[in-house]
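Structures follow.
What follows is subunit A paired twice: with subunit B in the first complex and subunit C in the second.
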Partner chain A sequence: MVLEIRNLEKRLGDFALHNISLTIGEGEYFMVLGPTGAGKTVLLETIAGIIKPESGNIFLFGRDITVLPPEERGFSIVYQDFMLFPHLTVFENIAFGLREQRLPFPELRDRVTGISELLGISDLLERAPHTLSGGEQQRAAMARALVMRPRILLLDEPMSALDAASRIRLRQELKRIHRNTGTTVIHITHYFEDLFPLADRLAVMQDGAIVQVGTPEEIFNQPESDFVAHFTGMENIFRGSAVRRGDEVEIDLGPIVLHAVTPLEGDVIAGIRADELILSPEPFDSTARNTFRGTVSEIQANGVFSRVVVDVGVPMCGIITRQSLFRLGLTPGQEITVIFKASAVHVFPA
Partner chain B sequence: MRAGYLSTVQAGFFAIALALLAFIFLVLAGMVLYPPFDALVRSLQSEEILFAIGLSLVTSVISTGLCALVAIPVAYSLARGTFPGKRAATILLNVPMALPPLVAGVALLIFFGPSSIGQFLENIGISVVFTPLGIIVALFFVNVPYLIRILRSTFEDINPRFEHVARTLGCSEWRSFRRTTLPLAKRGLFAGLVITWSKCIGEFGAVLILAGATRLKTETLPIALFLNMSTGDIELAIAAAIILIAISIASLLVLEYFAGESRFV
Partner chain C sequence: MSNPGRESFWSRFRRPDSTLIAFSLIGSTLVIFSFLALATITLTQLADLTFLVRVATDSRVINSIALTFGAGLAVVFILLLFGTPLAYVLARTHSRINSLVEALIDIPLVLPHTVAGIMVYLLFMQRGLLGAPLKDIGIVFEDALPGIVMAMLFVSMPFYVNTVREGFQKVPLHIENVARTLGATRFKAFVLVVIPLSARHILNGSVLAWGRAISEFAAVIMIAYYPMIVSTLIYYRFTTGGLKESSAIAFLMIIASFSVFLVIRIATRYLGSYDDRV
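Coming up: the complex of A and B.
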């Protein structure tokens, strides 16, 4: 275990970090996911030592570093707006930390050119930062952080200032760098798409607290709260009351009753991912426990996938390919059957 | 109204601007050209004016340096720090700037003269009242708030995250300030020092009260102007005035030049 955070607390004006506890393994790519204002950057700056926590401890390889100043931690940080020093060339930006170590120039130059080659910015070294594109600045900031061979690389939404194409490229880049250097990474994001290609594990943050930790698959498939479900893209969320009937639970939503598999009873929230709904113009028999008739109330075609909202007493949103939309010839007002398995209903305490 | 011609209102405003420019120019040129040229040259080379130039330069440079030494840390802590009483401190720091310089001079005179602190300093051999040291103290007191104000807004415009990054790259608190915020503040710092220095050169009221107006002792350029005007030595007075004008115009030009250059956007 590289880093252990125990019961961290910090108040900053109206905002507070509550009882944060995390462990991060050697070489792990750990992501922190949460909406704006969840406290992700405060957490990252506290790990970096820039913000002092009020209580709680941070351990690095078992040693308590809670009060250690940032310069003695050996962590590098990359902010979303890169923070390249505008009064220095790209070379001097990357060399900044090495200069502080008073590294002899030949070695310093080799380290800077080495990392610049890894990031593909060798021909930008004499430029001023403001002449670089967003993607180039991002690489320069990454080079400045990595050249220090940090024990932990801290990334604060490093992709949010980039366009979609650069983001996809950078994701692959980060993956490659992580594979090549084996650096432990803590990466903050509010983009759900970043998770699957990068994260070994992640923590979901809400209002200054960590609400769930797990692999992306665990978080996606077994969200432990409706917040996580919503945030990870669960489109259909309903309140109801659950009653046990043998192996199953029936959740009464009022207009309809869902069948689900859960240990919970009483007031619950039920979530169903849009891509787990099967839509059929004809009613048909299947092993799926939930079958409802309804009318198509809305069709939103965007790109390859279309969202279809069906009113089955409650609105249910499904996602189908454009091909299927054409094949089925769906139109608003049409009668249709919605089918999903009991196991597709994710149940959280209300 | 055809394009390319000024409207009546524009023409009127333009005429007022032109008249103002002519007024400023004639006032200044009239003074410079008033004394006979050779008398003016002689005055500029007189012992008294040369002394005043020397004293003004020395006291203004030392005061500006002291202002910088104090204003940089104070402005930085006001820009970055959060501490109780910050608002009150800000207001108090602005008081010397809002005071008429004569009032500041009287307050300083009492502080360094009859007060027990003044007596104590006098006893250990530091005399401020009616000495060149008094000039430096007066200049510092009235001008340091300006420099703090300028530097504070300069520091506030610099993202604290530059220092955060520098810290994680191995810099101590002081080194990260020294290597990021300070060089990034270079333009504001330079502009602030030029303004402070040129205000020091021109300061009269506070210096008059605290340092007195002793010929060839505490005689800065404005004091020389004042003394010679009151004794009717018009050429000497105008010689001092011309040097003051030249210094003002030169600092304006320097400021214009550096304001136009925007290296750090």
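Coming up: the complex of A and C.
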């Protein structure tokens, strides 16, 4: 275990971090997901040592670092707006931390060159930060953080300021860097597209508290609260491999094959919102591309809506009104048809 | 219609921006006022060059200008040393005391300078709260250079502290945080990142404070009529020797001040030009 956070409390004006406890393993890619204002950045800056908690402790390899200043923790941080030093060249930006360590120049130069090659910014080293594109600035900021060989890399929404195409590229880049360096990463995001390709585990935050911790599949498939279910928005998450068939792809989940519309192929995550499933006692023909026959395995009646889980080879969760539940007279064990459109299948890279 | 190029040329004049034109006419009143003041004194002085040269080579005049500029420089030095840390604390903390401190610093802005002069005099006179103990170690303020510097310092403080505080506030806190996670202490982050990124503001604050310091008259004469700074000298010559002599010194002061500002502006043209992009 690299980092352990125990019962962290911090009040900042109207906002408060409340009873945060987390453990993060060696080499783990840990994500923190939550809406704006949930306290994700405050948590990250508390881990970095920039914000001092009122109570609770942070342990690094078992040593209490709660009051250690940021410069002695050996963590690097990358903010969403990059925060390159505008008065220094890209080279001097990356070398900043090494100069603080008084590293001899030949070694410093080798380290800067090495990390620049890994991030593909070797040609930009003599440039001033403001002449770089958003994606290039992001890489430079990442290089400046990684060159320190940080014990933990802290990423504060590092992709929010990028366009969609750069975001996809950087996501692959992050995955590659994490695999190559084995650095422990804590990554804050509010995009759940980031989760499946990157996260080993994640924590969901709400109003300054952590409401659930688990693997992406656990969080999406077994949300422990309405908030998590609502925030993640998808109750049906499957891993599969996608193969193109004309305008569509077929996603093989093992027991069944889904039809979906996506540019992606290969290993993917398919997500279907529960309210996009149509349940019918009798099979019927329709324009919807996905029709599966299964048995009702579980019915949870709560309030106006009821959750119905149908085993079609994989468990699929649908949401129907209480009225429909009575009208259809659904009971566990009953045979039923599940129907949804190809466009209802949201596909993410795995 | 047969000549589209000509038509587009005329179309530029079809809808003049009446607001901008009206505002330019109204605003030019101030420009003309300033220009006429400058032109009048220049023309009268150039009409009698031999007199101007005689005044310019008068050692009392030269000493007085040097004294004024030197005292202003001392003020800037003190402000760099004491005002910079104060500005940083005000920029980076959000305590309730801050607004009280800012109000205290701003006091000279809203007081007649004779009042500021009385305040400085009461504090630094030989029986004053600070004047008395400092006299014991040999520093006298009444009719002496330290008195001039203290009076100038008091009135120029807000210009420096406010300008530099704004500069520090423009440096994102996150950029300091990055420097610290990279191994810099807060002080080193301040020196290596915050100072370079607010260099423009520090320079502007210094120039404003220096300009304010050398232009002070009322506050200075309360505590130090002698040695005469330029303002005192001009006033003294005006009341004893008349308009001709005093306006010659005034003209020399205009030339000297302009030259200094011009040199500073040119020398620092590129200083901290990245700080707008922070």
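The rule we apply is simple: the second predicted complex is superposed on the first by the 235 of 350 C-alpha atoms of A that agree within 3 Å, B and C clash if a C-alpha of one lies under 4 Å from a C-alpha of the other, contacts with A are read in each partner's own complex, and residues count from 1 in each chain.
Convention: contacts are C-beta pairs under 8 Å (C-beta built on N, C-alpha and C of every residue); 3 or more make two chains touch, one makes a residue touch a chain.
Since the model is a prediction, treat every value here as computed from it, not as a measurement.
Overlaying the two complexes via subunit A brings subunit B and subunit C into a clash. By the touch criterion defined above, A:H87 lies against subunit B and subunit C together after alignment on the C-alpha atoms of chain A. In the overlay built on the shared chain, the residue A:R144 is in contact with subunit B and with subunit C.
Applying the stated contact rule after C-alpha superposition, one finds that A:E100 touches each of subunit B and subunit C.
Taken together, the two complexes place residues 45, 48-50, 69-71, 73, 75-77, 79, 81, 83, 85-87, 96-97, 100-101, 130, 144-145, 148, 154 of subunit A in contact with subunit B and also with subunit C.
The residues of subunit A lying in touch with subunit B in their complex are 45, 48-50, 69-71, 73, 75-77, 79, 81, 83, 85-87, 96-97, 100-101, 130, 144-145, 148, 150, 154. Across the interface of their complex, subunit A is touched by residues 172, 174-175, 177-186, 188, 192-193, 196-197, 272, 274-275, 277-278 of subunit C.
Remark: subunit A residues 45, 48-50, 69-71, 73, 75-77, 79, 81, 83, 85-87, 96-97, 100-101, 128, 130, 144-145, 148, 154 touch subunit C in the complex. Of all residues in subunit B, only 159, 161-162, 164-173, 175, 179-180, 183-184, 186, 263-265 touch subunit A in the complex they form.
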